């Protein structure tokens, strides 16, 4: 559901959206974008000699004048008879221009041309703050990756402590997911095109001037020019939907890990931010509020994207329902992803990292995490399978007896026949079993740095 | 995305929602429902001796006083620190009650108790007009089924005219789908329960009085009493989501058929309603606007339902994100389904049925539609397969030559050896090849009549 | 994708399905069910005088004879020209019956009648073992709920230890979710109906005998008789899909909690079962394999259900694609849910519960979990808000200083002015702050016991 | 669900898949790919000095030897204890290599490395025939666009004849959708990378040689080398899923239009192919079988893609269930999209286009389709709104009286005051109201030609 001022001003909106992104997605913004399209259309057609210049100027002037304060409620009510808000919008605009310009309002266009282009425009506009937020989140992740590149913690797989890694490596993974999603989103944004085909895509009313007007219109609005009208070719919408959902997933990965690392029993990170996360009933609690809300966004994005894909087949020259099914889900997906990006940036920027707790949690399993290291030590002499099985036996024994793995290993003659105590200690040293972690962190940071855009640097 | 007054007042809202349903789903309605819950909770606890009666009265009075005009924007803004709107709502309420009552505001409850119960309440309230609209749509379909029970038209399968049926049979199919979905929705609505478990579901703050207060609270609010707190058991939400999506699908079936039957080349039905469906560019067009919008709703509902199912696993005692992911999709699904139900009723009530065109369309295939009838005539003598193949050959021949099937049949010695010309004419008579259509129509009408509820009858 | 023998015999099948359920869902089972339908159809029509008895006997005999070993590959290949496997199946059957019976094979039916009924039949058959598995899972959960009704552990909300509950309460929540989903699934199974309408739903070839044959056919096959043909009314399919997804979610709730409770840092439960959960690289690991696979099933079910809902609108008298889109997702959903139900039963039956660790984990937060209890103690004298804030302050202080909450409380004059040390100790006693937990456990057990079916009792 | 030989050999498989694509996706192919990965891993590590060359040779030899005929059923059964098929596969391989090589089998790897890389490999391999099929479909669409660039037909919007366009323009729209989706799929295929990170992504067992081995492994297998291990960064999987769903949608657009254009009442195109589309009950029918099945695929793809997106957040270093949830949906999506691409190519290659019927259908509305053209003629003198309203009035009059629009226009003094009869006739000439249709067709053909790849040209 969409609202007049901005999603961020509704009851649940501030929890899921971001004011800067949502300002571009409000009902008023969509209505303004419609007039931006009508104005640009008149100007483009005047430039191509299809419409008299004075008419185009009058239309553009009327669009600018009406732009200020659209009456959403009235227009929405009057949109019901036509099935879309363009019909009353055009009727109002026509009434507002001088007589001589009236024949040239909305000239050659169909409702879908205007609404598709307006939605492309608001999408493009909202991607500005959205991509900046994403760049900010990436920078924050990069900072964490760099600062904590050597801070060890337990790598967990299937919920179990598995082997040692570094928190820098964790953050580098977050960073790279955000960067990859951002690249997809930029590409999808660059593909957003003007829609102008007239009733059935031929631009019949323009004679042969169609493609020239399309190009000019695209230049006017800062959108791409399509190869041919895309009324029923929704690949651009799907590319955008998929990219947005990928951003939501990349943000959801960060948030999901933060939720797990912030569990009472783990406690390795906590959300910063004063006064956040208090509970109505539980005075001692500090809930990871931002992470929770980003997680919620990541759960909602796939259903919205799926709706757009399921509505992706548009029949004939303009669709009966599939098109109408796109409007709200697309705007909702932009808003939701915008909120997730901003919230992830905030979350990463103020994340409290407890490297001491990370080390203590490693110690709690008595060296079991280094089992792979020990198995690697024993493999050359015992064979990989036998070494694996022997260490598994020792690990189970250590767990059962509640003693460190080292104790069991140094007391097992099969182990001591294959390795000295010193070798065992080396194999149990966590900082010596990090493999290529540092190299991977560096690679992720380089990839990030190479793709940062100057325009976005200034904002973070 | 949700808005303060009602979804129907946003830009796209009037196209997808219905004012009567949406009035129960607005942000203000949700906020009012929260106070209804707090008031009922205080009264229920007073009745069970958990809270002093004067405190409960004061709380209920404050809830009633604040009820009138919630400041959605302020509350929404303040909800961010806590991650849900209950925390500031309770804080405001507490500030508004006299000192003596303050310890008993929100007593024993957690945020999720209040929001889950409030959402159950708005859902229940919105189901009133929604089910009435659905009953109205059913009655309109029943009326069509009854009136047109003998009016023949081409039954179409895989887009091809296949055999003859009646428009009453078509409408009976619509009716039964609507009735079945309605039954599921009523059951899901009856299952909507109060949520009251306190922070982790034990109602620790109430000593042993928990179940008694839950029962009383349920009675106060007209909701079901759950067997045990359902903070992380979302079966009720899923039952509601599935039933709503089923209603959207049943409505979408009506709308989809109307769109196809209203095609220019078919023209068997048209949407009524003056001044509806005009095109911005095409003066001659009459678009099936209601059907198109219902179709759009049917395309959007599955994604919303899927989001609720995908967020259906809530971990531990209260979930990190899965719960938050429910709020907007559930409200959107209620609004969308409400709009679809109302629009389907309107559409059916003013549907223009062109029985003459139905008969003419039948004639256009030169009797090909009666191929099954002819094959049945020939099967006893030729064998089913041979009869099928022979009629297929004749039909292909008739189509190729552009002559009626009768011409080919009566000119084929293999056919005339097996049947007289009179038998062939009987086999080609459409009104004699309707099988049990009338019985099925009657059965669907009886099923509908048997399930109509007095309360809903008055409104249609 | 479907396979000839059974999903459980494919590469990933054994990880997601269950042999007993999958045996009913194999390609061969579907093909056998088609002949069961053809045989029952012949018998039902003979009983109603539509088909000669000897022909029906011959058809039934041929169906029984061919039943043993269908050549899936040949049939599948030949199904391409017609777009469904019924056409070649009927052709083969017709060739196999004696001359006199041939006109009566598949009499009056269309492909969709046979395939819809066959799928209803395999679904019904697979629900036998599926519901037994679910009943078994419920019994295992009930057993845990009963045995651990007084064993305290930390209730967690938003990933944080929030307040104390009992493991019996946790298991009672699992139980009730499973029970509710099971009830929905039983109802959906009972609604599975025969499909018999002929090409366009009129049963034209049967004269007026249609409804009588439908009733008889339903009785023959043990399925419900529909009010009217449901070729394009898919409410039954949607009810089944939703119920299956609800089962997957209820199972996923159990599995999700087990994964979290089994985390290395929590360690309150572990999957039993010798030799399960070994890692290829990490000798010490014991992965919660069953829980992981059930979690995966719960993630896949919503997408399959959504596909069925998105394909729920079937146009005209038989759909172009929406029907075809149902076949594999429905069978996959049955298999996946069957596997999840069985695996959840196994998981619950051998779950290792470490009540000692549960208590130790409670202690680790130094009494912070009892903050609500302490706030409740102080609320009458300080006011609810002030008490909440004071305890929050003390809890933060305790966490910062790493001392028990008791130490801070008894050292704070604002606290000691409002409560004695003894009162504080009582407020910090976990076993005295369980509210109605035991009553809720009892209620869930009673609900379960009241709904157990004798037929299912024997199997668990 | 997946099967041992190939999806195309299951009951429904041949209806949805394609043998050439499915051969790369069978269970056997996945198992073979796992050994391809193990062999390449050994070779890559030998090349980097991590593993002795003779051991690598022995491992590669054993992989090649076992490659021939994997026992899917046995392996699948043994995969249950570990939760994935890699564990028993590695155990078998280890047993098959000589003693000296055993420590180096699967060296440094975790199960997910092998399965992720194997799935990337089978995906990449299946994209060969899939992209060729798609290129073939594009070429067939291009041929239709070129041949029919001037053949007029009714452009339809919201199911209504709206204005005239050309069939070449329709086909150009199909072409461009297929081309755009193909480009996205190629890019996603190029992004498929080897996965090699060891248990927690650090490649601990390789010391510092990790990145070098990863690069070498990628070169060995012809896959991309990732920046860092992607165990829980699923952006590549999501990019592939989205691209596949886009292809399914682009194919579904073609198929959906064919279904509608092939309706009995429209009859402008028909599927070619002898003996296809026969009905079991209706001898005269010719169902658009391929289009129906492609439509079904387009309905199923979004749910599968949504499952992958919903499972896109993988927690910590390897996920509990989200990863397992990917396997079957990804393979199913590849198979389904492959089938849709092939079927669309076949469909387009043999499409029967009835240009005569297209013209006759245009004529049937008595010139109403040219309303926009007439309105454009009158707009300069009457004003756009008045012209629109006047033509709407005339069109409604023509429809009501059942006479050509020309009759009404030439009899209306308001019209004749503004235009001569000759001008009206010109305005009613369909071939003069095609705007830029030809230019758009040419642009789409050029875009297509510029992106054809030599490798794919040979195959079409």
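Order of writing sets the labels: A, B, C and D. Residues in every chain begin at 1.
Keep this in mind: a residue touches a chain if its C-beta (ideal position, glycine included) is under 8 Å from a C-beta of that chain, and two chains touch if they have at least 3 such contacts.
Worth saying up front: this structure is predicted, and the values here are computed from it rather than measured.
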Every chain in contact with both chain A and chain B is listed here as C, D
More Cb-Cb contact pairs, comparing A-D against A-C, go to A-D
Note: chain C sits from chain A at a C-alpha centroid distance in Å of 32
Between the Cα centroids of chain A and chain D the separation in whole angstrom comes to 24
Flagged in chain C as touching 2+ other chains are 83, 106, 110, 156-159, 162-163, 198-199, 259-260, 278-279, 281-282, 287-288, 292, 295, 298-299, 302-303, 306, 310, 320, 372
In the complex, chain A touches chain D at residues 83, 91, 94, 99, 102-107, 110, 155-159, 162-166, 169-170, 172-173, 176-177, 180-181, 184, 198-211, 227-230, 232-236, 238-239, 242, 245-246, 249-250, 252-253, 256-257, 260, 295, 298-299, 301-303, 305-306, 309-310, 312-320, 372-373, 376, 379-380, 383-385, 387, 433-437, 439-441, 443-444, 447
Interface with chain C, chain A side, in the complex: residues 154, 156-163, 259-260, 262-266, 278-279, 281-288, 292, 303, 306, 310, 361, 364-365, 368-369, 371-372, 375, 388-392, 395-396, 399, 405
In the complex, chain D touches chain C at residues 1-4, 7, 9-17, 27, 30-31, 72-73, 75-77, 79-87, 90, 106, 109-111, 198-199, 255, 259, 275-282, 287-289, 291-300, 302-304, 306-307, 310-311, 320-325, 327-329, 331-332, 335
